[in-house]
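Going by the order they are written in, the chains are A, B, C and D; count residues from 1 in each one.
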Amino acid sequence: MTTRSFGLLAAMLALAPMAHADTADGDALLSMSWDQIVAEARGGTVNWFMWGGADNINRYVSEDIGGRLRSEYGITLNRVGISDTVEAVNIVLGEKEAGVTDKGSVDMIWINGENFFTMKQAGLAFCGYTGLLPNNALVNWENPAIANDFGVPVDGCEVPWSTAQFAFAHDSAVMPEPPRSIPDLIAWVKANPGQFTYPAPPDFNGSAFVRHVFYHAAGGAENLLGPFDKARYDAAAAKTWAILNEIEPFLWREGQTYPTSITQLNELYANGEVGLTFNYGAAEFGVAVQNGIFPETTRSFGLTDGTIANTNYTIVPFNSPNKAAALVLQNLLLSGEAQYTKARPEIWGADPAIEIDRTTPEIQAQFAAIETHPAAVPAAELAKAALPELQADWIAAIEKGWIENVGQ
Amino acid sequence: MRSLRLLSGAVLITWLVLPLIPLAIWSFARGWRFPDLLPRDWTLAAWSYALSGTSGVLASLGLTLGIAAAATAASIVIGVPAGRALGLYRFRGKTLVQLMILAPAIVPGIASVLGLHGLFLALGLTNTVTGVILVHLIPTLPYMILVMAGVFANFDTRIEDQARSLGASPVQVFRYVTLPAILPGIIVGGLFAFLISWSQYILTLVIGGGRVTTLPLLLFTFATSGRNDVTGAIGMIYILPGILILALTARRITGRSGAIAGVGRA
Amino acid sequence: MSDRWKILLLLAPAMLIIGVLFFGALATGLVRSFNYMPVLGLTEPSLEAYAAVFSSPAFGRSLLLSLHIALTSTLLSALIALWAAVLLRQSFPGRRIATFLFQLNLTVPHIVGAIGILYLFSQSGAFARLAHATSLIARPAEFPALVFDPYAIGIILQYVWKEVPFIGLILLANMQAIGDDYESAARSMGASRWQAFRHVLLPMLMPGLLSASILVFAFAFGAYEIPAILGASFPQALPVLAYKSFTDVDLAARPEAMAMAMVIAGISAVMILAYLRLTRRGAR
Amino acid sequence: MTEVSLTKLTKTYPGAPRPAVDRLTLPLTCGKLTALLGPSGCGKTTVMRMIAGLLQPSSGDISFDGRSILGERPEDRRAVMVFQNHMLFPFMTVAENIGFGLKMRHLPAAEIATRVDEMLERVRLPGMGARRPAALSGGQQQRVALARALILQPKVLLLDEPLSNLDAHLRLEMRDLIRGLQQDMAITTLLVTHDQEEAVVLADHVALMLNGQLRQTGAAQSFYRRPADAEVAHFFGGRNFIAGQSRGGVFTSALGALRLPDGAPEGPGLLTFRPEAVEIGAEPENSLTATLTDCQFLGSEIRLLLQSGGLALEALTRPRDAEGLAPGKEIAITLPRETLWVIPKTPG
């Protein structure tokens, strides 16, 4: 028995991935043509770290994208499912700290916001290559919502993948007329004790909800754009905490505890414990109805005073040993076909990050034919009132402030 | 008196299986909302996803089994000699050695793994299967050594001398005399080591860095993303090997060897 | 080969793994908890991280919560395990099933148990649905908050579920080793069934029970994934707080994470000493 | 003092083909020591456990002074058992062990202490109260176990092989101690043993049990002189069994006609006599010739294997009487009339 297990041990040790620093040299890549890059990438592997909790997204990435990557470029896609993007950022950070500059274990991360800010600040991203991707032409870098990730200039350090806008959902059979603005929502919460709650920041969606209240307290997002400003923050924050503490007794479980994740909030909504849920991206509601998780009568909406929109991206760490393959993957993700497939509600329902009118007529026709799920408010509808994201240091301050003033 | 015992037994049995029932039901449910006692729609979708290549569950099952088997094998190879030293000999500093060996069994993973991350990073062992196997040895070794020390404390070395005097080589002595005598202990200690590695979460998460996706990591991802159906299916797949191994070794655990009592006594 | 060399050789591999990996890790953590991380430009050792940790109210609450979780789970598990072991020693229909389930439970990973407890006890879980079906409640909110609750009831339920069989099996094995003659002797000398248990069997089981309890306490005190799944948003169990600080994108939080890890290690060290004391006394 | 009687006591363990104790009827006389003798596995300990209340009989009755005690719990019976491996509680001191039963009865601590000291004197362990059992020798441990039982002034004392774990010299000492204490305190006692010598020396009455059944009771000597059957005779060291016919005080067999003592059973049966009863040399009555086939020196005795009338016989004799004997020699032997007994052939 021992000898056999020993053999197994040896086999396991042999299985340990050996990193090849073949295309780790980013500067070398920058001087190559696209064809050369594709040739370099052939036969490689991309370790793509991304949140792995949605089977439809996993399926799209592994089967659809992974399949095309293999058949068209001979590249193996290794989707690494994680429960929080920060885990991937931390790996890169730890590697930099330990001096691992060309044998990194992360080749690509699905990212935005604070995590992008961290990577850019700490010099963890491979930058300046986006112009090399042929499909970069489909991206409208003139659009500030694309060129800035949560207010932080992208500067060629990441490639847009999808756009998303915050939306609320309600069960039309239970509540035909939901509150459609922050003041209405506050009044509704007070009139309906126990029917509302939001995930405790730093949960991504919970934090976004708090920002909507923050915008409202500040009298509009216009006052908050640009770099962090202590005075403006303090003024808006004081009002925000007052509002949130005022509604706290009327929240689910009287505000003594908050859901720790959007998942918990969704669960509460699904079981009728609360009347509203929300999400970055209305498509999720359609998927939840399809999976039987949400009631069929679920409908979604934006706020009249606007909801926050953002773009999410893919980023290549500075120490990725498979940069060429990662670039090929990014280019593939940007293609009209991939963006269309991703936008189909039965696949994922994620809104494209490219300009549809720059794609081929066939793709344009396909996009035009997409019918959104009845539970998901159409992106165009939401886009009528879109709010910008704040810069990362604002968000960090708001999250910290919430924990200190509301959460504890 | 007897009916009370019967009732207590029934309560105990129910309580022991109870948490696994909703997990099993969820794996066949398509949506299952309050206040339905049972799902309205039954489906195999979660299972077909869990068993598909995309989900990576089967690959992860293989990986988790491999890591647990390797950590168990290494624990045996390293733990048996150490158990022999502790069980058979008295020596200076023995108490200190025992203390050092006991420590990783009691100090939680979270306390050591954060420091370990820096260490493994420097050694290039983070995000590798090798690193994960190595880090699993920290909690598995103490159990293996404690069980083996107990076994060797009751082992009469004269039986080895007898075998040598009958013409057996040291290797033969080990193979034909020592090993059969200590095998029950190895099985119990190995079972402990396997189960500890098998259910390890935080050590794998930090050292594996998400790249070494064992079943508990996969399960955690789905459990925290609200896919109760997929979670249920993965959960069921996750507990199967343990049950199989138990079926093979159950008698050893509570049988006469009483090695499990050694964990309590150590 | 002299015995000294033999002992050294036998122990070397294990001591190498435990010494280098485990104690090396603790030492690394300790150094970093003193804000000494040259890569990040931190070259002046200081107690800042500890000061920050101990002055933070969140840490205090987390420490108390984790101690509460560990202590309550251990006490309940030990008591129920004792009851269950005594029950399983007697014969009744279903005893074999119960014993099998006891062992089966040992193989179920904690994380699976945590999810099971979540599906059972959440306000829209199986019990809440039963309560609804029997008209005890009309809405999930009327069901008592047993998971994600500030008292960590769900977490404790999970530990009790998992640790009762663990302690119970150790007790059963100990009982088998002790046999029934001591109790018989006590009974024949006029001790009632309860007295024989209380004055004879229990003292003999005590060393095993206590050392098993310490293992349980240490685990419940330091586990991450169970409070991560079943815990409330505030306060968080100490390991969750430590891991959150460790993965905070703000690298300055890392020394604090290390300091919390050291606090956990320190409390565990006390546990180890207690364990040794108890097992020593038992051996005599 | 309590008169204990066992009536048709039967115990069948679940799944066992036959009862471990089969319809045992036995009185234990007031204040006397009765030995229940038998090989290991014959059911003796089961009997003891049933009296102590640690086992429920399948049928039959146990009564103390004429009153059935089957409904009583073990702790109320005051039938105290001293276990073979003494079962001292290892985590208690000697004094705590001895005082255990009194503590269970909630006696005041001071009174317990006095009585424990007194008991320690009686078992000749004065001043040892503070020690742990593990610090005592085997004989001392056994005495503590005895003291632990006697302090309760039991209605019946149950001794389970009390001497079996002791060295030969300790055995004699303990035997005297037990006998002395038992007679002193006049406690009705049941001693279970497989050692016939122990039973014979200690007991007022001996009851022999084989395969769960009571075979013979009475004074110790009767087992040697008048065994009830061949198994009993064999258990007590009988080696010579000769088939034949008893009629009118004469036993006719291959050995010829031998005169029997008065009262010997009539009819077909087995003639039995103990090896040490055989005398070397001719006498007027019951003499015959035999060929010596082997001669074994056993120290204080000589074992002679003989052949007579085609039958193998065994004799034990003092070395002095065996002088000049050598294998192959033909000698005269005598089987004294009083040493012979006939075991009637049981029908079927």
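In this section, contacts are C-beta pairs under 8 Å (C-beta built on N, C-alpha and C of every residue); 3 or more make two chains touch, one makes a residue touch a chain.
Nothing here was measured: the structure is a model prediction, and the numbers come from that model.
> Touching both chain B and chain D: give me those chains, sorted by label.
Correct list: C.
> Taking each chain's centre as the mean of its C-alpha atoms, give the chain farthest from chain B.
Result for max centroid distance from chain B is chain D.
> Does A-B or B-C have more contacting C-beta pairs?
B-C
> Return the distance between the CA-based centres of chain A and chain C, expressed in whole Å.
Taking the average C-alpha coordinate of chain A and of chain C, the gap between them is 36 Å.
> When the centre of a chain is set as the mean of its C-alpha atoms, what distance in Å lies between chain B and chain C?
Averaging C-alpha atoms per chain gives centres 16 Å apart.
> Distance from the CA centroid of chain C to that of chain D, rounded to the nearest Å?
For chain C versus chain D, the centre distance works out to 56 Å.
> Mind pulling the residue numbers of chain A that touch at least two other chains?
In chain A, the residues touching two or more other chains are 87, 97-98, 267, 270-273.
> Can you pull out the residues of chain C that are in contact with at least two other chains?
124, 140, 246
> Can you name every pair of chains that touch?
Those chain pairs which touch are A-B, A-C, B-C, C-D.
> For chain A, which residues count as touching chain C in their complex?
It is residues 84, 86-87, 89-90, 93, 97-99, 114-115, 118, 122, 194, 199-200, 252-253, 256-260, 264, 267-268, 270-273, 396, 403, 407-408 of chain A that touch chain C.
> Which of the residues in chain A end up touching chain B in this complex?
2, 5-6, 8-9, 11-13, 15-17, 47, 49, 51-55, 58-59, 62-63, 79-83, 87-88, 91, 94-95, 97-98, 100, 103, 105, 261, 263, 266-267, 270-273, 291-295
> Can you list the chain B residues touching chain A in their complex?
The touching residues are 29-34, 41, 49, 53-56, 66-67, 69-70, 72-74, 76-77, 117-118, 121-122, 124, 126-131, 133, 205, 209-211, 213, 217-218, 220-222, 224-227, 229-230.
> Would you mind writing out the residues of chain D in touch with chain C in their complex?
So the residues of chain D in touch with chain C come to 49, 52-54, 73-81, 83, 85, 87, 89-92, 100-101, 103-105, 148-149, 152, 158.
> In the complex of these two chains, what residues of chain C are touching chain A?
On the chain C side, the touching residues are 37, 39-40, 57-58, 61, 122-124, 139-141, 145, 148-150, 231-234, 246-251.
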